[in-house]
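To start, I am sharing the structure in question, which I have written as C-alpha cells.
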Amino acid sequence: MKVGFIGLGQMGAGMATSLLKAGHDVTVYNRTRSKTDELVKRGAVPASRIADACGGDAVITMLANDAAVESTAYGDQGLLASLRKGAVHISSSTISVALSERLTADHAAAGQRFIAAPVFGRPDVAAAGELAVVAAGSKETIADVTPVLDAIGRRTFVIADQPKAANLVKLSGNFLIASVIESLGEAIALVGKGGIDRKQYLEMLTSTLFDCPVYKTYGKLIVEGKFEPAGFAAPLGYKDIRLTLAAAEDLRVPMPFASLLRDRFLTLLAHGGDALDWSAVGRLAARDSGKA
Amino acid sequence: MKVGFIGLGQMGAGMATSLLKAGHDVTVYNRTRSKTDELVKRGAVPASRIADACGGDAVITMLANDAAVESTAYGDQGLLASLRKGAVHISSSTISVALSERLTADHAAAGQRFIAAPVFGRPDVAAAGELAVVAAGSKETIADVTPVLDAIGRRTFVIADQPKAANLVKLSGNFLIASVIESLGEAIALVGKGGIDRKQYLEMLTSTLFDCPVYKTYGKLIVEGKFEPAGFAAPLGYKDIRLTLAAAEDLRVPMPFASLLRDRFLTLLAHGGDALDWSAVGRLAARDSGKA
Amino acid sequence: MKVGFIGLGQMGAGMATSLLKAGHDVTVYNRTRSKTDELVKRGAVPASRIADACGGDAVITMLANDAAVESTAYGDQGLLASLRKGAVHISSSTISVALSERLTADHAAAGQRFIAAPVFGRPDVAAAGELAVVAAGSKETIADVTPVLDAIGRRTFVIADQPKAANLVKLSGNFLIASVIESLGEAIALVGKGGIDRKQYLEMLTSTLFDCPVYKTYGKLIVEGKFEPAGFAAPLGYKDIRLTLAAAEDLRVPMPFASLLRDRFLTLLAHGGDALDWSAVGRLAARDSGKA
Amino acid sequence: MKVGFIGLGQMGAGMATSLLKAGHDVTVYNRTRSKTDELVKRGAVPASRIADACGGDAVITMLANDAAVESTAYGDQGLLASLRKGAVHISSSTISVALSERLTADHAAAGQRFIAAPVFGRPDVAAAGELAVVAAGSKETIADVTPVLDAIGRRTFVIADQPKAANLVKLSGNFLIASVIESLGEAIALVGKGGIDRKQYLEMLTSTLFDCPVYKTYGKLIVEGKFEPAGFAAPLGYKDIRLTLAAAEDLRVPMPFASLLRDRFLTLLAHGGDALDWSAVGRLAARDSGKA
C-alpha cells in the first residue's frame, strides 16, 4: 500500500522501518527533517510538508501528544485539508479519548476515514515489527488497512467500532504498566532495605508468577537504576496518567492507584526527571525510605 | 524422608499429597481431625496430637496466621518441646518477619533447626506439586530437606541465610499480587464503564504485555465476579498486607500502594466480605463508580 | 458607585443585596431572568442583556465555573465588548488560575481593568455582607473599588498584584475546607462506630482546639447527615478540587490529600450526589465502614 | 487531694506544676530522677520508686507510649501492686484502646479504680493549667477526682462510661490535628510556589474561616520551618496515627487520610526526623515539589 508516516521518534522510526520491510510504499514526514535520513536510505520518500505525505491510501500518525496530533490534523495543509476522499488516517499516538472522538467526527465530515490503532511495546519491539496493535473503528476500514497493521505489529486486536475505545484501552494499559512500576518499586525498596539481593529477588519473581515482559523489562530498569536514555520519557508517562484520569472523570470512575501515580510522576518531574525513563518512578519508594 | 505435616487447609492438603506421591513417609495433623481422612486413604499416618507428628526428620507447618503457628510451636507438647535435636521445622505459612526471627532463635536454643519456606501458588497448583518455594535459612539445612522441598514445588529459590528473609519476600510477593488485583480492578472498571467488552479486553492484555499467570488468574475472577468459594480468603489477604506494612514500618519504608490496599481490604471486610476470595477487592473500583 | 452584578445564584443574590444596602446603584443580570425579581423589589435595575449591566464603573461576576465566566466575558456583547475604558471587572467567581490570567491580559488589551476578588463564606454569610474577600490586582484599581468590596465583605485581604494569585488562594482555601470535611468524616465514622455520641464528640472538638467556623458548620452537617438543600453543591466542590490540582500540576506541586479528595468527590457523584451539599463527602468514610 | 504523678516530660511537668498550684499534695516520680528537681523546689515530694508515689487517693500517669504505661502499671511494685483498694489510676497518656481496656479490667480485679483522662494542648498550655481534658470511666470515680482534673485543665469533657472511649477520642483528635498539618502543608507549598507571601496567606486564613488555635499554632511552625525543639516529637505523632489505624482496624473503619499520614510520618522518620516536631510533616509537600 501507499502510506504516509508522520512522526519519527523512537517508536515511529521503528514502525516506519517495519512498513518498508513489508514492501509498502512509504512517504515519511517529521518536523525535524534530519530524522528522515535513515529511513530515506532504506527506501522511504521524504516529504517536506505534511500535505506531501497525504497522497496515498493511508497516513499513520505517531506523535507525542494531543497538541502535536491536533496541529497535524487541523493545521493549514494538515491531514483534514490534504487527505483524499476515502483515505484513512490511522492514529497510533496515545491521545485523549476526547480528541479521538473529535477526529472521528471531523474526518467523517471531510469524507475521509479514521481509525485509532495505538500500540503496546517499547522502541526495540517497534523496530522488530512485533508491537501489539489495538485497533478500533469501522470493521471495513480496519480490513482495508490490515496489511499496514500487520506490518507494524505481531498481532492486531480489534476492540470496538468506535475509534475512541482503542484510545481508552491504550491509556488503561499504560496505567497498568505504571502500576507495575510503582508496585515493583515499593517491593524492591522493601526487600532491598531488608538486606535481600534485589537482582536475585527479581529473578525469582519473573521466573514464577510474574513471568511476563512487563515485569522483566521494568524490574530490570528499576533494579539497575538505569533510567537514561529514556525508552519512554517520564513526561509522556505523566501525560498518559493524566489522560487516564481525565477519561475516568468523564466516566465517573474513581481510580485511587491512578491518582497516586499522578502524584508520583509530579514528584519525579518536580525533581528534574524530565529526561528520565518513566520507570524512574520505581525509585521513589527507595528515595522516600531514605535509601535512594 | 520421614516428615510431619501440620495444617491441612486447601494449600496444606495439596502439599501433603505431593509429599506422599513423592514417596515420603508422612504423618499428618490437623486441629479438625476429619481433614486428615483423605490423606490417610492415600497412605499418611494420622496424628492425634502435634507431638505425634514430630518424630521424624522434619515437620512442615502450613497454617493460617501467626497465632496458629505460635501455638503450634510454643504450646505444651508443641514443636519446640517435641522435635528431636537436629530435626528441622520447615515453616511454609505466611507469617510475620518478627515471628520468623523469634522461631529462628528459639529452635536454635532448643538444638533444633528452622528454615522458612513459604510458597507461591493457589490450591490447584499445590495439588499438582508445582508451587514456587522461596527458602531461607542455613545452606546445609536447606540441602538436608531438599527432597521435601522438591516434592512440593516445581522449583526452590534459596534467597538468604536468615529465614526471615523468605518471609519478607513472600509478603512482598503477596503485596505485588494484591497490586495486580487492584490495578486490574480499576482498569476493568474504567473500560467496562466505557462500553468495552471486559472479557475481550482481558484476553488482549493477557496475550500481550501481561501474559503471565497472575493476570490470567485474577483477571478472570474479577471479570466473572466469581469470588466464592475462596481460593485465598479476603481476611488472609488483609492479614498479609498488614504484615507487609508492619515489616515496612520496622524498616521505615513508606509503601503508598500497600497503604491503599489495606484500606481496600478493610472496606471489603466492613461490607461482609469475609468469605470471599481476596480478588473481590478488584470489584471495589466498579462499586465506587456506581456500577457494581 | 454604579455597578453591574452578573450571576444571582445563592451567593450572588446575597452579595448584590449587600451592595444595595450600602447605597450603591446596582444593575443586575441573570441568565434566568426571574432571579432578578427579588432584587428589583429592593431597588436594583434589571438588565435583559449582559451589555446592559456594563454601563457603570464596575461589573462584578459571580458565576458557577470557567465556562460561564468565559461566555460572559468573551461572548458577543460580553464584558470585553461592552465595558467602557477604565471600567473594572471584579471577578468573584471561583475560577481557574489559567482563565484569570487570560482575563487579566484581555481586559488590559481592551483598555479595561480587571481584579480577582473571590470570597469565603456560605450563602447566609453573603446575605449578611460578612464575607471574607481575597483581592488581587493593581493597588490603584483595588483602591478605586474599595466601597464595593467593603459592601460585600467584612474584611478584604489584598494578597498580590497579579489577579490570578487571589484565585489560587481561593482554590487552596476550598481545598483546606474539603480536607476538614474528609478528616471530620473519618474521625466521626471512627468514634461513632466505637459507640461514642457523635454530637457530644463534635461539641468537645469545637469548644477546644477546633473552635472555628469551618469545623462547626461542616461538623454539624456531617453529624446530622443533612445534605439537602445544598449550600455549596458537590459538583462545585469537585470542580474546585480539580482546579486546585490543575494549578498544582502547572506549579508541579504533588498534593496527596487533594488527589484523595478528587476520588472522594468522584465516588459521591458516581452515586448520584449531584444535588447534595459538598459536605456529603464527609459521609463516605461511614459508608465504607459499612455503617452509612 | 493526695496524688502521685508519674512521668515528668514536657507535658507532665506542666501538669504536675498545676496540681501544686491548686494546693494538692503531690508526690512525683520520673525514671530520670533529675527531672523531679524543679517540682520539688515548688513543693512536690520526690519518690525514688513508683510504689512510693502510690500512697494517696490517686496516681496520674503521663507517659510516652504503651510500653512505658505497661511497665509502670504491671511491673514489680508497679501501680497494680502498689495502689490501695479504691485508689484511682488516672491515665492521661495517649495509649492504645486495647491497653486501656486491659487496664480497666485489671485495676477492677485488684479492687482499684481506673479512668482515662487524656488531654489536648501543647506544653505551654499544660504549664498554664489550661488543657482540655477528655475523661471517661465511671461517673462516680470521675466525680471523686474532679479537683485533680480541674487543676490540670480549663475544662473536662466526660465522654463515656468506658475508659477506652476517651482514648479513642484522643487518638481521633490527634489524627485531626495531623490532618490539619498535612493539609496546611500542601496548601502552603502550593501558594508558596505560586509566589504568594506565605505569612500573609496564613494570616488571612487564621483571621477568617480558620480562626482557631490549631491552625494558628501549626501554620506558624510550618511557615517558619521551625521544628526544633519539638513540642510534640514526630515519633509520638507517628505512634498516634498507628494507634488510630489499629483502633480503626478493630472497628473496621477505612481511613484514607490516616493511611496517608502514616506514610508521611514514615517518610519523615526515614529521613532522620526523629528529633523534629511532628509539624515537620507539613514540609514534605514542599520537599516533594522540589522546593524544600
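Each chain carries a letter (A, B, C and D) given by its place in the written order, and its residues are counted from 1.
Throughout what follows, a residue touches a chain if its C-beta (ideal position, glycine included) is under 8 Å from a C-beta of that chain, and two chains touch if they have at least 3 such contacts.
The shown structure was predicted, so the numbers you read here are calculated from the model rather than taken from an experiment.
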**Study point:** Same or different residue numbers at the chain A/chain B copy interface, by half rule
**Key:** same
Exercise for review: Can you spot which option in A-B, B-C or A-C is basically B-D again, with over half of the contact pairs the same by residue number?
Suggested key: A-C
Study note, to complete from the structure: With centres defined as the mean of Cα atoms, the chain at greatest distance from chain B is chain C
Point to revise | Rounded Å distance, chain A centre to chain D centre (Cα mean) | key: 53
Exercise for review: State, to the nearest whole Å, the distance from the C-alpha centre of chain C to the C-alpha centre of chain D.
Suggested key: 37
Study note, to complete from the structure: Multi-partner residues in chain A (2 or more other chains touched) are 248, 252-256, 260, 263, 266-267, 270, 288-290
Review point. Quick one: in the complex, what on chain D touches chain B?
Key: 242, 248-249, 252-256, 259-260, 262-264, 266-267, 269-270
Check your understanding: What residues on chain C touch chain B, complex-wise?
Key -> 263, 266-267, 270-272, 288-290
Study note, to complete from the structure: In their shared complex, chain C is touched by residues of chain D numbered 97, 120, 132, 134, 155, 157, 159-160, 162, 165, 168-169, 172-173, 175-177, 179-180, 182-184, 186-187, 189-191, 193-197, 200-201, 204-205, 207-215, 244, 247-248, 251-258, 260, 285, 288-290
